[in-house]
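Dumping the structure here so I can ask a few things about it.
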């Protein structure tokens, strides 16, 4: 974890309001676990809080990484205007990321993503695939326009897509695939997306094998301000909880109260 | 001579830059970025008698040139703080200013007594922006008599100097400052956050779960400067100034208003290295402005104030 | 149906956008940029009994996401205001809210009486952030009893509804709001500026000649939202909200906090067309947020508040 | 007076920290009197008050104008980063500018400028010269590095320069030239610069023929906020004063209290 400037290699709008930003810099050497995140200072002095964005993929050889984000408000909109050669002040990599060590070759991993929760799963899929683990992905998007990275994930295994309006894949929630996995029994489930989706995932799958990536509003991003906490399940202490930025963003479903 | 050194009751600081309470935890996290011995002092996270879980989330929201927070004094309680947090900081050559909070006079008395035991705690910062359970939740810091009473309780417990941290959410901050000075405060720290709110246009409800939060950052700097200026003209004890400090110019503006040291809060979130950077950049800016040493600047400002009287 | 129309005592407004007092003179200057009939209403520059020259310069300073001003109520006095300034605005189809200031109860009584005579003055905005000469310069607006007394004096003189403009520089704004409601205020306007200061590092003196100035702009918006939210839950008279409004989202945030119309101050300086732009942009943003009409939004927020009780 | 976007044609650092910015746009058609000013919105949303900068020269044919400014603080520093093609939100032209109608061919005009007070006199010199009026200029700068536009003014008449440190022209204040005008008796004096200089000018020359350009901190720039006032000389009214942005920035020395 350090603070450093990274250089924009390229930026592409890969779906409606969804941007893929490729960054280069020595910080990449510190990146490892899938779904760690970067805490990004928005250029200009107007916005003072950094923006947390997950690392979507890492290319250690080229010292490059990719982040994928949706333009939500002012900060991401400003970042989306950057072009090759621009610099970004980055704090990272932060957080713990998805664990994969507990899985062995030939085992099954189910990836579940909703909207902008999909990209953080990409580096995970890549690493799982490289390890010989079978990957099935279930992704939900709002509509066809916002679907992205389907092909990229298809390189690692089957991809099931649902859209809210049925304009692509099945119509409705991605949760409908949970009962139609055709005998694919996951040894681990990895999910990232809106809170409602995470709650559904936690209810459906074995909470000791289910890994959820949380989002909380963050200030410091490094554990000092206690702004981003999440309650521990069965905590006996009167004060204890997890800081999403340090102990998370990924937790086993059995550890936390959603 | 160290141009940046400043001297306050209990605090012989190598420089005036102090991470503000609640914005720096107990130092361990920022200790991964730089050597904490560089700092003038550290104002630790609020410590209460019992452990506290704090408020539900969201606890944070961004605002123009500022932010809201409603952490709710989450901390492991004074026992753990003294046994683990203070000792973990002993490896650094940096004095601690222990931020103490509570809901009763006895809370303050006991926590002040306990934190005074840590050898590296050189002063206490009394957070009086806390609701008084005996007075229907009214903050200790908004009434001069209550502020004086809680100061006395703290002074009884403490064996190190006590700096009372004033709330800006009052009609007349000078009145409160005078009251705590009369009650024996060794110094004043100001300002705490302004009470603010943001509403989510989709849910039509406050973004922060606690509804209101404390506003900090550059947005509040003009209020901080005004209050420091007024209080410096009304009391004879030193002031640790804070509220929106991001640059060396902000640091020096606080001194010119009447501060003798400076707390840095929200800026740590924007730039984790802001404190060592300020320390490094101060001498050059002092050269440009013809300031030999900060202690000299403090004395000159003080003289100016006395001449006004 | 006009989706933007709102209805308040004395004020049937075609839209809720009102340039705030002191930021729009008596309209003539902005009238060179656009048709003032577009506006919901105009809050005129503070008017006093006698002419006032105001404060020495510098009267202005910039701050992070805001500004300080210390104009000092410069105005030609109520006689000229009524005879020349109000009449000059008669050619527009826009109600005036006359901002009234003074140093004595009688000042307020007389000015309210005089401005009520202008046919286009549909309401009075009582600026009680003025020092009371009888009470050693203490502001009328910082003490509930004084605020109530000045409200009564104004109500006696006025023949149009009186909106009392609250100062945010108080410990408990709810207490003041309740006091002026009890004293007969027809509505509340809030917030006036926070007291702030900036110091020039070269001269080591405040930039503003008057030393302190009023802080306005986006920096104070979270404080304004918090106070509107609190006051809306404590009184039954409508609130005209202001403090840092720059965008349609800011306008709607004020409504969701509990306002029934919105004042726009500093934003006029950044963009002279900000008021007509806000009026133009409101409908689309309302569509996006599922808001049929502002009056409906006001009613829904009000119902929500009553349900909380 | 309107609000409009203008396009940057070019930007050059013509002396240390002094920038010449050429702008293009229809607003130029409204520009006339020398030393009116533009109220410039600083790009980005960080700084909310506009910056007043005088118009240094006007090229009506090309619909271009030039402003010259020193980087003082954040706002001018941000503006100094603009390059050709960038846009600026401009309110203007504002204020009254220097009058020249009272002068006739063959008469004498003395121009006095200090530092960044020099450029506003340039359009004036051009217009005076075009009218057949004899122009002599006396300019003070801090040092050689900060001297600019000497040649440009020399095209219209004699230029006397003083620098604080004597690194160029005479050493000391520009005021020393006031007694060494070699028989040049001005029919009008035009001055722009720091307050101290204006006070000296007002004391030396006939205040009914001396025109001073004032600077005050401004908010609205159009007369509405009363932030930028200046006291009237011999005002009998209890409230009256001038607004520098509307009744100024140029006043006859006999009208005002400096």
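So that you can tell them apart, the chains are marked A, B, C and D in the order they are listed, and the count of residues begins at 1 in each.
Heads up, the rule we're going with is that contacts are C-beta pairs under 8 Å (C-beta built on N, C-alpha and C of every residue); 3 or more make two chains touch, one makes a residue touch a chain.
Just so we're on the same page, UniProt names per chain: A, D = Dihydroorotate dehydrogenase B (NAD(+)), electron transfer subunit; B, C = Dihydroorotate dehydrogenase.
Nothing here was measured: the structure is a model prediction, and the numbers come from that model.
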Both-way neighbours, i.e. chains that touch chain B (Dihydroorotate dehydrogenase) and touch chain A: none
Interchain centroid distance [CA atoms averaged], chain B (Dihydroorotate dehydrogenase)/chain D, Å: 46
Between chain C (Dihydroorotate dehydrogenase) and chain D, centroid-to-centroid distance (C-alpha), Å: 37
Chain centre separation (chain B (Dihydroorotate dehydrogenase), chain C (Dihydroorotate dehydrogenase); CA means) in Å: 34
Touching two or more other chains - residues of chain D: 46
Residues of chain B (Dihydroorotate dehydrogenase) touching at least two other chains: 65-66, 217-218
Arrangement of touching chains [line / ring / star / complete / other]: ring
In contact (per the touch rule at the top): chain pairs: A-B, A-D, B-C, C-D
Contact set on chain B (Dihydroorotate dehydrogenase) toward chain C (Dihydroorotate dehydrogenase) in their complex: 63-66, 68, 142, 169-172, 194-199, 201-202, 204, 206, 211-212, 215, 217-223, 225-226, 229, 244, 249, 252-253, 256-257, 289, 301, 304
Chain D - residues contacting chain C (Dihydroorotate dehydrogenase), complex: 1-3, 41, 46-50, 91, 216-230, 237-241, 246
Complex contact set, residues of chain C (Dihydroorotate dehydrogenase) against chain D: 22-25, 28-30, 32-33, 45, 50-54, 57-62, 65-67, 69, 71, 74-77, 217-218, 266, 268-273
Complex contacts: residues of chain D adjacent to chain A: 44-46
